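So the structure is just underneath, and the comments pick up after that.
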Amino acid sequence: ASWTGGDDLPTSPLACDGTPGTVAAKPYDGGVPTNPPDRNGKKITVVDIPKLIGIGYFNATSKGIADAAKELGNVDAKTDGPTKANIDEQITFIDNYVTSGVDGILFAANDPVAIAPVLKKALAAGINVVGYDANSTPDARQWFVNQAEFNGIGKTMIDSLAKEIGEDGSFAIVTSTFTTPNQARWIAEMSAYAEKCHPNLKWLETVEAQEDNVLSFNQATTLINKYGDQLKGIVGMTSVATPASAEAVTQAGQCGKVAVVGLATPNAMKPYVEKDCVKSVVLWNPVDLGYAAAYVLRAAADGTLKPGDTSVKAGKLGELQVVNGSEILLGAPFVFDKANIGQFDF
Amino acid sequence: MTTTLATEDASATPLVQLRNISKTFGGIKVLKNVDFDVRRGEVHALLGENGAGKSTLIKILSGFHHPDEGGELTVNGAPVAFSAPRDARNAGIATVYQELLLFPDMTVAENIFIGHAPRTGMALDWNEMRRRARALLDDLDSPDLDVDARVGGLSVANRQRVEIAKALSQDARLLIMDEPTASLADADVRRLLDVVRRLRARGVAIIYISHRMPEIFALADRVTVLRDGALIGTRPIGEVDDAALVSMMVGRSIDQLFPKVTVPIGAPVLELRNVSFKDEVQDISLVLRAGEILGIAGLVGSGRTELALTIFGITPATSGEILLNGEPVTIRSPRQARDIGIAYVPEDRGLQGLVKAQTIRENVSMALLSRISRASIVNRALESSMARDAIARFGIRARGPEQRAGQLSGGNQQKVVLAKWVATNPKVLIMDEPTRGIDVGAKSEIHALMCKLAGEGLAVIMISSELPEVLGMSDRILVMNGGRMVKTFDRSEATPDVVGAAMTHAGAAHGRAEQAGSAP
Amino acid sequence: MTLRSFLRHEAVLGFLLIVVLFLLAQQSDKFFTTANILNQGRLMAEVGLIALPMTFVIITGGIDLSVGSILGLCAILLGVFWHNLGLPLPVAMVLAIVVGGIAGLINGLIITRFKVPPLIATLATLALYRGLAEGISQARSVRGYPDWFFVLGQGEVLGVPTQLWILVIFAIIAAAILGLTTFGRATYAVGANETAARFSGINVDRTKLLIYTGAGLISGLAAVIFVSRVSTTRSDMGTGVELDVITAVVLGGTSIFGGRGTIIGTVVGLILVQALKNGLALSGVKGDGTIVVIGLVLILAILATNLFSRNGDG
Amino acid sequence: MSLDIAAPRRSASTGVFARTIGTYGQEFIILAAIVALFIVVGFIAPRFVSQTNLTSIFSGNAYIAVAAIGMSMVIISGHIDVSVGSLIGVLATIAGTLAVNGYPIWIAWCAPIVVGMVITSLIGALVAYVRIPSIVVTLGMLSILKGGLISLTGGAWITNLPPDFLIAQFRLFGVPSPVWFMLGLTIVAAMFMRYTAFGRSIYAIGGNPEAARVAGIRVERSTVAIFAIHGFFAGIAAILFATQLQVIQSTVPAGLELTVITASVVGGVSILGGTGTVVGSTLAAILFAAIGSSLIFLNVSAYWLRSVQGLLILATVLADMARRRGVK
């Protein structure tokens, strides 16, 4: 099946053998807040506006932010946001916080372009703006904490999949909606990487399931029913879709026959991993992601992270690298498996 | 006002007695200290002009309204207070309301038994319900009414029967009927009167409200008259005559019931040539002249309203030709009909005639908004003055142009509808049951207006189920049956007998339908 | 009485608005600033615009649930016309709005020709139009509009957001049409008693067709403004807008049963909702708390009106 | 003079068959659509009619059918509830929270039903006694429940549900319990609507509230009761919804209210009140589930899925309109 979603940006599949991609050094391309007050070392209020509230993933990032705020001691952070991943409502939320006069904004964008005007407005008001998880256009924020490069996710997912279902297995994808930028980009990168490195993998189709548990379950079940033995793997693109797919495989009695790989938080996946129904789950640690974002914001507010810097200190995570002009890389995606999943609680 | 106690029969406790009953709606007192009683086995008629408070009084009796403080209501001598219609039903009072209260999507049987359906254990017994409904309807001489039919699809007369069967199904000790005959044709009325007499013979007490005098004299044992919410008096029927009742009701005497004035008949205005609408209106040809009142008589369902609707463009003709002033016209919507000068005062005032939630002003201007507006903006000043003119010209009793039409009494509502259409300056005025449910005073006013309009050169078609009205007002009478014209009469040759015969014995006459157009 | 009962509701609502504004201003000194107020005007423009024809729709006793989907469809088509078909942007804008009109017309035709209740008809087109938007966009968004285009959604005229001008002008026009013209009269008459309106020579079907078409057109216009405000097109734009719009209209005193309502009421309802959203946020109440308050206000406002007019209309 | 003056122009005697078609026409149309869908899609993609897929279709969407039963009653009585999606979200969360906090399973099952009935009774009381239109009350309630839920839970997922609690995963004779619930409750509700005085009074209130009042029906009290029954069904739907998987999202399922309302009205419940059956709404819920599944089997690009659904809703509604005009 051909994937037509995503934007028209080019894909950049990584090398099959794991050679890191060459990242051309780029000058700082982020924005700059206009006449921010001197916040160095002072207490700042920060608001975190994720894509939506009330899903496990963003609960985890919020937790990371709260942890960091507590550790730093001089950050007053709270999370607020729309109840559905809606560009318009997210913009209104940010707008209101700009007016109410916070010192810093953390965001995960529902749409990189749509969110840009209001973020620029925040910069213009002297607010420090840092993104995480889902980027905006670079000039609309100062820094973006990148959990993993799109092509890195694409490679990890496809490699795990190929390992589990074999080089010529067939698989299907359950995603949130075709319009969600991160998911769309990941799928595009997966497609490009699979073509390059695992040409015999057969991609059956992609279905939408919102961020809805029961719908994801029903969609995955339908896929299992439709393809029968032909289906060897299901890829879940969201932390909702992956456990629901695992549940569908379990309830259909297909454990071991249909592999589930995907992005998910460990807590939701523990039952399936422990029962050997799912071998591995791919995800960066979203608590760390929020934690890093909070540190980056603090550093930007203090002025210790300036355009041109190549790394930033992020508490217990240590030095994080600046890549791609104004992005801070969290690290490679993490693969949870039976051996280590018990150590995580988020 | 003095209450006549002379006729009270002291020995019998009345079944139901009301003492000193008042009722206020939003500060306006519509019933003023009324005393009223009903005895077992009597038909007690309640009379009064539109808005006199008859319906309000009986709605208090049936638990629908609560009376103001200070009144007393006793059943069998024991004081009662009804908090809901349910309580009145339980006390043996059944009511046929003026506005029929049926469930259009339910069957006849279920409508009759809703609220007290036969059961076996917990479950409703549908078969028993249908059987008993059948028996009740047979009792009402309605063997043709299917108990499984949807009520929404029934004619007015049949709905009335369902409503009465519903009241009878409760085995009531007191049956209240609020204008049960308003929308019935003569024969149906007779059938209903028989039913009422039979019930009286069984000892049921009956309160009977009607604007039709002959029924009162045919049926009632006693009669009570209300005027402006006050009791005028209660009399045994033997002590009063027509004129006395009328003057009790209106406080003056009415000179003439059908004030027909002959006016010169002018040139043909409207001509129909073989007009049909599906099978409901078949092959109608007629010529209508300026100044003429053409009465259309027929039984319920004879297709009179359908004919009017076809001329008015609601159900555009499926074949045939319509000419206005000699020119062929196509009428495909009420709008077109209106624009070429045809007006229709419909039979269902509340549904088709008035927007009750809107003011008199808005109602009167509704059909000619485009004429009193410039660049689509309505000229409010002109509109208001038009409404005031209409109130004056038609004698509408209202607080002013800004009063909501729904607050007026029936007769005054009818005048508003008439005013709306006369304001459009029509050439042809079709009036469908123009005086249905309207008191004698208002009725004669509407008749006078009708004559006046005809005198001004308007061509009038009047559809009526009241034979005296048709005979009294028409220059020419056209009788319909089964969607066809069966006969036409000139005023001179029309007698109740021949017209009535044409209305009922029409089956055979179909083939020989006369052409009204060829009448002199 | 139409006017009186409206005034009663308006009094309640106006009082409520004043109380709310006062309380919110106490909570945050950022609330009553010109910049904030104008900015709120920008944010409520799309919902406000659609609320105007929705007032007409609800006065006729109908409802239009598909406006959000029409918005999404028009937004996508604006991008497709301009980017994929290469039409000049002004032409694409006009075409997108026209498509909105056609979508509304289709609603109207289903409702008038086939006598499908508006709720069901627009429930179906809610899915249909959103589906078309998704199908046409294939999940791609169109970006990179020229700068002049952003004047509409992000620019200002005489210091006031462009779309606030548009909203104010359209509100005045809508109020004039509803209050002063024959068309407005027809709208009320159709809602209060459709049969009587038809029997009075009012072209009921045409009135409804025009109103639903108008709702589509304005949704198309809102789409263009929305795209201009957020600089991009996506097929999920406008999801759920219908509920915000209906809330404003109903809060403004328009009777869901038809025959009653005014544009002024709708505008007050709109301002009240927006003031709550903004003011509560500025006072530190989180988004979920704000939704709860709006829900409560909606119920309480109508409840208060009902209690005040208890022995009125009967 | 003949007394038989109202001789029926349209013959009054309708056959049992015609009467059944008249009453259950919409149900037949939907049933036919379901059968046709299974035949056609089954022909193209035989796995579609495999037992496992049929089971998934019925079982995975049974909660919608159950919620649509209560919704149908509300709509038949002339009202509507647009907050049902939020309500189900709240009730599911309550059930899950109780279950993981060690309360006895039966409490976790009963609590959502009781709470559901309390909330909908409140809605009913506002509608019946304060005379606020139901769409206004429930529009407000939608916001209150949705916002309240997130405020309280923060959207934290409920995991580690005890296996005993997962009633939707139980099977009886190899058939998942949701299917039994759907069938059983539909039959009970259909009997209730047809054979009890209260069931009929729901139609009466929706058909003509004023007439219902004078017929001795306590309209206000009944309205509250109707909403309470709706809450009962919403509670059961919430339990089925909550126990389908091993986690509960504790948020409001997006668009669920529209799905439920659509099932009711497409199932033949008149939005104007007074007519419709719960059998129709259950069939419609099944039809929609089958359509959703069949589109995947037919390889209809998921991009067009929603348009197809919209068209199908239109088609069934138009077919119904045509039928009504035919029968009249």
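All chains are identified by letter, namely A, B, C and D, in their written order; residue positions are counted from 1 within each chain.
In this text, a contact is a pair of C-beta atoms (placed from the backbone, for glycine too) under 8 Å apart; a residue touches a chain by one contact, two chains touch by 3 or more.
Chain by chain, the UniProt names read as follows: B = Rhamnose transport system ATP-binding protein; C = Autoinducer 2 import system permease protein LsrD; D = Autoinducer 2 import system permease protein LsrC.
Because the structure is predicted, anything quoted here is derived from the model rather than measured.
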| item | value |
| --- | --- |
| Pair sharing more residue contacts (C-beta pairs) when C-D is set against B-C | C-D |
| Chain C-chain D separation of Cα centroids, rounded to whole Å | 29 |
| CA centroid of chain B to CA centroid of chain C, Å | 44 |
| Chain A and chain B, separation of their C-alpha mean positions in angstrom | 74 |
| Centroid spacing, where centroids are CA-atom means, of chain A and chain D in whole angstrom | 37 |
| Interface hub residues of chain A, defined as touching at least two other chains | 4, 53, 83-84, 178 |
| Per-residue multi-chain contacts in chain C, two or more chains | 134, 137-139, 286-288, 291 |
| Which pairs of chains touch, using the document's own definition | A-C, A-D, B-C, B-D, C-D |
| Of chain C, residues touching chain D in the complex | 65, 110, 114-117, 119-121, 123-132, 134-135, 137-139, 243, 246-247, 250, 255-257, 286-299, 302-303, 306-307 |
| Residue numbers on chain D that touch chain C, as the complex places them | 126, 130-133, 135-137, 139-144, 146-151, 258, 261-262, 265-266, 270-272, 301, 303-311, 313-314, 317-318, 321 |
| For the chain D and chain A complex, residues of the former touching the latter | 45, 47-48, 50, 52-53, 56, 60-61, 146-147, 150, 153-157, 159, 169, 241, 244-254, 292-293, 296-297, 299, 302-303, 305 |
| Interfacial residue positions of chain B with respect to chain D in the complex | 62, 64, 84-86, 89-90, 95, 97, 101-106, 110, 114-117, 119, 122-124, 126, 141-142, 144-146, 148-150, 153, 155, 157-158, 166, 185, 187-188, 191, 299-301, 482, 500, 504-505 |
| Contacting residues of chain A [partner chain C, same complex] | 4-8, 53, 78, 80-84, 86-89, 91-93, 95-97, 99-101, 111, 113-117, 177-179, 184 |
